[in-house]
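So, here come the structures, one by one.
Okay, so subunit A shows up in both of these, paired with subunit B first and subunit C after.
So, the complex of A and B:
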């Protein structure tokens, strides 16, 4: 279907189902119960899931396929955000031109950076991209203030021209009149499910991006990119110049990052330089690795996992911990709470760093590899019970 | 002329810090072949050694001072640091005021230990893995280290002043024959510069004039052959990792009076130090030192108002710009050997 293989279609359908039914799946606990804090089904968070999913899918096209580790992708995210907000300022609050321009701007920007950075590979490439991203970040804060509004961040003011704005248009971001923040709440007994326009807009774009990434993975071009990763030297010995392929991958992933940045701005028309900081680049690297670099579904999983943990972990504070461990004896409780409080709330980054280290050390293939290992172990056990079924299929990607 | 000298001087202290961190990075890369993204965190831990020593020295207890009274006529309760009651007020005060230089004594063993644990516990398992994995795991480690520091010391910068005797500025221009009051320069920055020269000289002398250093240099050139000669090169490389960590730590300790330590100072310096290493030439120790000082001075020239008037914002990006130009025109860096990481 759609020109992709059977297994890929299954993956696409599963992701599509998960994305479209997310408001229900992610809200398994009744709204007023104690477990409601683990619900993730509200629009704000779900939007971040899919937006960072797009970012990670794009990053994976570069890192997962070609093996070039870029530490500067946040620059494209930031550029996309700025471009989108400028469209809001100049044209209207319609998101279509904003998203389109953010893709174009980020792609052009990545042509420039990619053309220079890709002259080197390995660690030099990482450092070059890092240098470019830091440069953009510093410039956005200082000289480019007329374009970026410096530390305040770029936002839309009532005095902005907005040439295409019609009479009755809403003054929040909208899609031809359909407000992004509009939502429909469905109440089923104690459960409440929010279906928001903004979320579905992002989710559909995410599915399109995901589909394109599947096509790239399975295309001859994708095979070429894998060849760059596995043996660049041999590729050049066969008389092929690998740089145009790598550059194309770089531009595609830059455009994805721009789309993600544009969507961030479309959900909340605000852009700040901190989106370009290199810790933000580190974050997308984390998501891709955590999910599984080079796999189709890995980046989406990683992005969702990290954003979910971030949200949940930073919400927990000492009071919550005390209520969890209340059943324990006093001394033990205080000790446990003291230890646990270092890892939640403000300390969420500590957990993130530890998680990241553990994944790189023990599970270089990320969550996907973890799933495969568990699957293989299960199959092996079943195989012992009834021989003949142990002829396992090769693991899914 | 005086403006030029002033800018050179201004660049020296930052350049010294870059040079020290880059030296450690290069030592690790040259010996173990590992790209250590956690090196900035080691610099930061060194700085917090100084904070720790300062806090320990200021530990105090309350005493009743009979000679002074509050407004009701009762004897006044005063906080007296333990050091003062042990060594007498003068020596005690002097010790407290010299807490930053004294922190070196704590920092050396602590940093060696941290380096040893890092290498044995984590990095040795990554020698055979690709560079990308090394970058990623040390990046994760850097996050963990800086978050741990933040848990214990908070997120705000902690002021750690220089010793009283070394505070203030000297009229440096007079020594060079300019009029008085033309070039003022803080004393501590001089101290920092001299200190860094001392450390750099020490590391080079250690590598050049001791048997141990000779073996390490041989190992950097050809690890396998040294191993075949029956020398346990791994053990020596581990020690070199410790030394590199100590160099970064000492750079951090002495930098605290210039920049109040905060938990993310390591990351800020790390990015620049990598640029320094790359400009100097991956794996070249003299290159790292040279480009450290050079980039520090270039940066200080770029932040002159006259330069900024022509090229606004140049001070923010000059280092990266230099790095990009060097990488594109001379990929092995200023003093890099041909064929080492030239990809």
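So, the complex of A and C:
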């Protein structure tokens, strides 16, 4: 189906189902119950899942396939956001031109940075991309203020021209009149499910991005990218020029980052320089590695996992901890809360760091490898392990 | 006029004269061995041929065109494939994928943006790849990770990757270096088979006299960066200059 193999079609269908049913799947707890704080099925968070999913899928095309570790992809995310907000300011609140321009701007920007950075490989490439991104970040704060509105961040004012705005158009971001923030709430007994326009818009773009990434993975072009990672030396002695291959992968992943940035602005028409900061670049690296670099579904999983944990862990504060440990004796409770509080709220990055370390040490292939190991263990228990299958380690899916 | 013509090539590394006025002519369809003791300049010469090093003076013509100043991938696209001393393969990819890559390189050139085609749908290319694997007796290993192969199999795979490009000239850099006698003999058999079944020109840089005399039709002896003699194996065997250069090094 769709020009992809059976197994890939299955993966695509599973991801499509998860994405489309997310408002239900992610809200397993009744709205008023104590567990409701672990629900993730509200539009704002789900949008983050899929937008950062797009960012990570694109990053994986560069890092997962070619092995070039960019530490500056947030620059393209930021550029995409600025481009989208400019479209809102100049044309109208329609998201289509905004998203299109954000892809184009980020792609052009990545041609420039990629062309220079790809003259080096390994750690030098990483440092170059990091330097470019930090440079963009600082420029956005200083000399580029007319374009970026400096510290305030770029936003839409009522005095902006919006040349294409029609009479009755909404004054929030919309898709041909369909407001992004519009949502339908379905109440089933104690459960409440939110279906938001913005989320479905992002989810469909994520599915298209995911499909394109499958096609790239299975194409001769994708094979060459994996060859770049495996043995660049052999590649050049096989008559292939690795530079344009790596550059194209860089541009594609830059365009993905731009799309993600454009969507962030489309959900909330604001763009600030902090989107370009190195922490944002580092986050997408974590997502990709945590999920499983070089695998199809890994980056999506990693993005969802990190964004979910960020949301849940940073919501928990000392009061919540006190209520959890209330049953314990006083001294013990205070001690436990003191220890646990370092890992939640503001300190959730500590938890992220620990999880990242555990994954890298015990599951170098990320969450996907964890899933594969569980799958293999189950199969072995059922005694269906075909001989030779484990020896013939299959290429990453 | 040979397919490969090296004329007056000099290469210095600082004060070291690695190559001095090297002239070499490899005739189409022959197996030409370049031998010499350690430090004779064999590897330097090879690196000049594949574009890794640029000689200080002299010319290298392949198939009527100069190879000087071209990048390794461009020289490969001209028709020169190279087998390395330690097999260079794509260890993270499957055996089949390893041979698919040179197939694509031959058909599509140094770069092509074929991101929306599917490798699985490339019928002819897949057939070609399967065929070459069958030719080197590796068809049953097609789905293995190339990195997990034995050293001998890695060598066969690398050979297959070069052959599937149908090069006009195959360069072999000490193809049996560090191999056990049995593996060496296997490699010799494989090369003999290639020579018999394909119209291919080979240039072998080799240390092992056994390999050289089993395969070569012409031999050039290098010593201290200069070609001493070039002749048939029979004449080389008894040549006094060669004995001198190799004194005590090998049972010529």
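We take it that the second predicted complex is superposed on the first by the 384 of 397 C-alpha atoms of A that agree within 3 Å, B and C clash if a C-alpha of one lies under 4 Å from a C-alpha of the other, contacts with A are read in each partner's own complex, and residues count from 1 in each chain.
One rule holds for everything that comes next: contacts are C-beta pairs under 8 Å (C-beta built on N, C-alpha and C of every residue); 3 or more make two chains touch, one makes a residue touch a chain.
This is a predicted model, so every value here is computed, not measured.
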item: Contacts of A:224 with subunit B and subunit C, given as first, second, both or neither; value: second
item: Contacts of A:353 with subunit B and subunit C, given as first, second, both or neither; value: first
item: Which superposed partner A:5 touches (first subunit B, second subunit C, both, neither); value: second
item: Partner chain in contact with A:28 - subunit B first, subunit C second, else both or neither; value: neither
item: Which of subunit B and subunit C A:216 touches, first, second, both or neither; value: second
item: Touched partner set for A:248, first subunit B, second subunit C, both or neither; value: second
item: First (subunit B), second (subunit C), both or neither touched by A:177; value: neither
item: Contacts of A:238 with subunit B and subunit C, given as first, second, both or neither; value: second
item: Overlap of subunit C and subunit B interfaces on subunit A (superposed complexes); value: none
item: Subunit A contact footprint on subunit B (complex, rising order); value: 35, 122, 125, 129, 131-133, 135-137, 139-144, 147-148, 150-151, 267, 271, 274-275, 278, 282, 312-313, 316-317, 320-321, 323-324, 327-328, 331, 341, 343
item: Contacting residues of subunit C [partner subunit A, same complex]; value: 50, 71-73, 76-77, 81-82, 84, 88-94, 97, 100-102, 104-106, 108-122, 143-145, 148, 161, 165
item: Residues of subunit A that touch subunit C when the two form their complex; value: 3-5, 215-216, 218-224, 226-227, 229-231, 233-241, 244-245, 248, 252, 392-395
item: Subunit A to subunit B touching residues, read off their complex; value: 67, 69, 116, 119-124, 126-128, 130-132, 134-135, 138-139, 141-144, 278-279, 282, 285, 289, 342, 346-347, 349-350, 352-354, 356-357, 360-361, 364
